[in-house]
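Multiple structures follow.
You will see chain A twice below: alongside chain B first, and alongside chain C after that.
The block that comes next holds the complex of A and B.
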């Protein structure tokens, strides 16, 4: 939880080069690499309405133009509209009982469909009138026309030059008379060519727009009346409905509510999902969630001495092994190239050819380390995670040959490790101290990568970590 | 997912018109964009809203575009960008740098299958069904005039000036500062503003809102009188409620005269009407009548109340005075596109993109990855190869 509200103190370098805290990282178990939101491929998974939680298959959502069938948005304040009912006596005076009438109303800004003259409906689901594009017919005729023109151009381009067939020659070819010319001479119409030859006559005609020199002048009321801003729409209200773009509030028209989506994330190089939500919009669970905090040792800052420029201070980091396998951590200076665990196995596509993946450009990282760090030389062994051990207060029984100056505390799969950091001399009070190192850890891959390897594979992994514990509080003296 | 993708194997292409202020985005074959949203993105690191066109360098523009295009796809049109065709409607005068970075973002980051770049001035004609027109694009940053004759943009005759939405907004701010100075200096029964309004640092959104909802383009006669320092009776003062309980007084003359910046003729003779006539004059004499009688106004600034009427008045005045006997035409006519001005170019792109042209002319991902450059009309290295494909 603290991760959601706190600043990012500990950031891991993703394979793509961007820095993220561990909850924002994914770990692809197929290529054994860290992935982040920037370097995975996002896909639209399911469409749903955030108001009524209705979800539609994507083809149907596409037909409905990504809008909910039932819910409406307020054109004034973009809040959801609610259906309200009133009873009214029948207009013809007969005593058939009171009829229920429905209208839409915004509970936030008090806008109602009655404000803009939309008649009340008798059914609660409502057959609310929708505005059509006033130029629909004209634009459709343009579309048809240009489609045929383009198709004709394409067929002309695709037409292959006709070569005379070898092996036999006809009389007409011998004398330079092609079939076509022969027909022409005989006054016969030319044979239709195979393919999508379009007759020029069949191009649907269009009625081009006609320009005019009669322009409506500005109404005189502009010079004499104070504009009533409550009656003139804002630019956001206009753009909410691009087709109509009503300039006065009385022409606003409610629109069906726009869908939201659930996304699934896919690793770019191996095309396996790293995150896939459940289809039901009411569920917040995932079918697949390869989050990095299930696989990569987590680092947290436990405590540190006040930081002074040029003066060494001690910092204690807590490392946790989230996997169910023993791992050992070792630390080294930050490596320039962030390499993954195993040597890059060439991924083959369905046809057996090596897949061409294009690496996305590395994002800009502005934070440069400005603090030196003294790293422990000995590797630190972390036991496997054991949920039952969390409740075991009997004390730790394991025997690790730890240097008491390095590992200051240990419990279950966690250990607290002491580092010494020295902020650079030139730093001023208030500067943010940043140090970095590379962490190597053993990872057991339980995912069968190829058909032959059935047993879990052990791999040595490496990740660069950037830690910004806090601000410099003073100078050396 | 693929199971329900529908009967047609072809994924519907998207049309992107990345404006300097507002971006229009939607599908081909539709008659209005799915969204018109500000071309800006909230930076996740600093939590500040940044405009796409306020980039610092190429790296910066790249990351801004990655974030912005993500928003367009996953918040507004709700489709996956991968393996989908894109039609980009861009001005012929769009900087190569932006075009290249945009292509790089779409091809490398979003892995779109192909991009079809279409010149906005040219495809605007598809929304009208005409073959020749003088396209006047008055957007946020610039007013651009490019004639298109029989489907070919006349590039030698282009004209552009920074006379568009931004100029109007700057003028509104300057005028408000001046008005508040006058208020402070005035005595007696002049309307006293409520103190505490820092006019010079009003947010851009407020200035834009005043422009959209309270300003208008006045008539030529009144405009001339204002320029001569003999202002006609002022329109009434508008009380504009700012956030909180502050009241901003927008005097009538500010509302009336701020749009004058587009029509002012200084010594450079570079008002919008001058640009239009200059552009036509650069065209061959036998095409001038057609162009002058087919003027298309696109761009959001052209939607200001009274804009078209004023421009017509200005053109008629100039034709009678300084351009007399130099034009070879006597009438000007404006088109009324079957769409709102701010998305007319987008609409043209949507019509053009729904034809077979994507298959024929689009620039595919494979060729981008082998060529590593985007062909452009201004680039001689690719121009010769693509020369035959530039005309429509």
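The block that comes next holds the complex of A and C.
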């Protein structure tokens, strides 16, 4: 699967207009549209530690500052620290047997807590000393101050007359949601209870920061001494712990490991999930994974002749049908599907809410095609994917009336199609050649869209593809 | 396997027959040489101390090169670990060093004691590595560790016990030192 990490040779145009290689695209089976990471809603399912696999609900994770209680990161190379044990004779000389002592060590860069003088612990679970934030007091005073300010502003805002919004009223009528729960759902803080009115006078004072002109000059040693790079921390090491920002390696201190998240992706227009992982952090499987890779024919570059400006060259693309239904591909010049400012209607039929429109901005596409392409006129039929066919040596039995000049090779659900491309005359050697076309393909939607139609629905789909096979090697002459 | 007349293996060393040992090589006691490890003494003798581990596909080279101040004998100290696929052609190697997988140490380098050369690190410029130096990562971050890396006693015991069960060993030969 090396093409997963390769440069983006073949890019598909998402419904929103951005270009991505097919492994990064999703396919909503309800809207029958391509979706990319920019045009889906990202939702955090759970927080988990990638080292100890402990998972926490987001409220609890937030309380723990999104860091794992048990695991530490190496401040030197940012890998996970491991607990190592040593036995040591008791210091008082008594023969009570050897005591186990624990320290943290990085198996990658061999940094240990002993390097920076953190004492060994007797319990393996740690109780590792943590460095206090030197500005903790100041920060918490700011926090308290602005909490009160925010509360005051909120109560002022609530005093204004509120026009009832339709969206809320329908929610309330339909599900019996109280105002309080509705506020909670919308992520708004709950209203201050009557009688618990905030006294504006009781704002905790803060000490404002004062700018100064007086800056201490650098010690002369900075200019005279040869720096010892083994003792100075790197920028990345300093920024990994912004509150301490150790400048010398002996002040590095391990930090609790950041939580990772499991996230599910939701189509913005129909609000169905396109990707939903299993809750268990140890599982890498998905409950729902509507990757475009399983639904949209895949295009790979098989081979091409050296590209010269103004000279036609042949390129062979391999197309693969990933679905279990026969499809037919036809090619046409690139079509403009999404011009800037197109709004997408959001259908909320199930909730009975009115249709609302979402402005989808058209991303700036910098790569414009600079190469002409001659497209095959006849459609190309691709059989359904059959996992067993790979082990079938009997050869292909189906008869396709292919033009031998277009379809040069065929096996199972794959076919190699020949195109002729002509890079524009003005291109210089070293320029990246890009050509594009629109690919229409038949898609069988097995998802029952409405209650009446149970049988799979055939739909004609269309996607724009940009292909950048390589660089111009020379001119025509 | 050509008979290497200049090979001296101390008693207690575990040297597999499948390893490639060329030229005058002296292997100290409790040193473990895995099968397919390769030690080539072209430019002069190699003297290896105690309790070293040479893992599979490591390559220790001692090439003759007239225009350097390379000593005639390559001395490798004790308690060193040469992990899978490392290529070492250093001028000298001290004690307690760890050469991690696929690292490269060029011919102009003197390795001190307690150094750790991380995975995939390639050292080519002439230099003398100070003691307890740790080089790791894609940016070759250098740090000086407070302590030398722990000795691989358990691993050595295990290998000396297990390797003879599955591999033929070279017989220890205590020939008189001809160096």
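Convention: the second predicted complex is superposed on the first by the 265 of 477 C-alpha atoms of A that agree within 3 Å, B and C clash if a C-alpha of one lies under 4 Å from a C-alpha of the other, contacts with A are read in each partner's own complex, and residues count from 1 in each chain.
Assume a contact is a pair of C-beta atoms (placed from the backbone, for glycine too) under 8 Å apart; a residue touches a chain by one contact, two chains touch by 3 or more.
Predicted model, so just to flag it, every value in this text is computed and none were measured.
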Which superposed partner A:47 touches (first chain B, second chain C, both, neither): first
Partner chain(s) touched by A:253 [first = chain B, second = chain C, both, neither]: neither
Touching partner for A:234 - first (chain B), second (chain C), both, neither: both
Contact breadth on chain A, by residue count: chain C or chain B: B
Which superposed partner A:154 touches (first chain B, second chain C, both, neither): first
Partner chain(s) touched by A:59 [first = chain B, second = chain C, both, neither]: first
Which of chain B and chain C A:100 touches, first, second, both or neither: neither
Partner chain in contact with A:136 - chain B first, chain C second, else both or neither: first
First (chain B), second (chain C), both or neither touched by A:77: second
Touching partner for A:242 - first (chain B), second (chain C), both, neither: first
Those residues of chain A which chain B touches in one complex and chain C touches in the other: 229, 234
Chain A-touching residues of chain C, taken from the complex the two chains share: 116, 118, 133-134, 136-137, 139, 141-147, 149
Partner chain B, residues of chain A touching it in the complex: 38, 41-45, 47, 57-62, 65-66, 133-136, 138-139, 142-143, 145-147, 149-151, 153-154, 157, 206-213, 215-218, 222-227, 229, 232-235, 239, 242-243, 245, 259, 261, 263, 356, 358, 360-361, 363-364
Interface residues, chain B side, partner chain A - complex: 1, 4-6, 12, 22, 24, 29, 31-37, 59-60, 62-63, 66, 70, 73-74, 77-80, 82, 104, 107-109, 111, 126-130, 208-209, 212-214, 216-219, 222, 233, 235-238, 240-241, 256, 293-295, 305-306, 308-310, 312, 331-340, 342-343, 347, 351-352, 354-357, 359-360, 369
In the complex, chain A residues that touch chain C: 76-77, 108-112, 114-115, 229-231, 234, 249
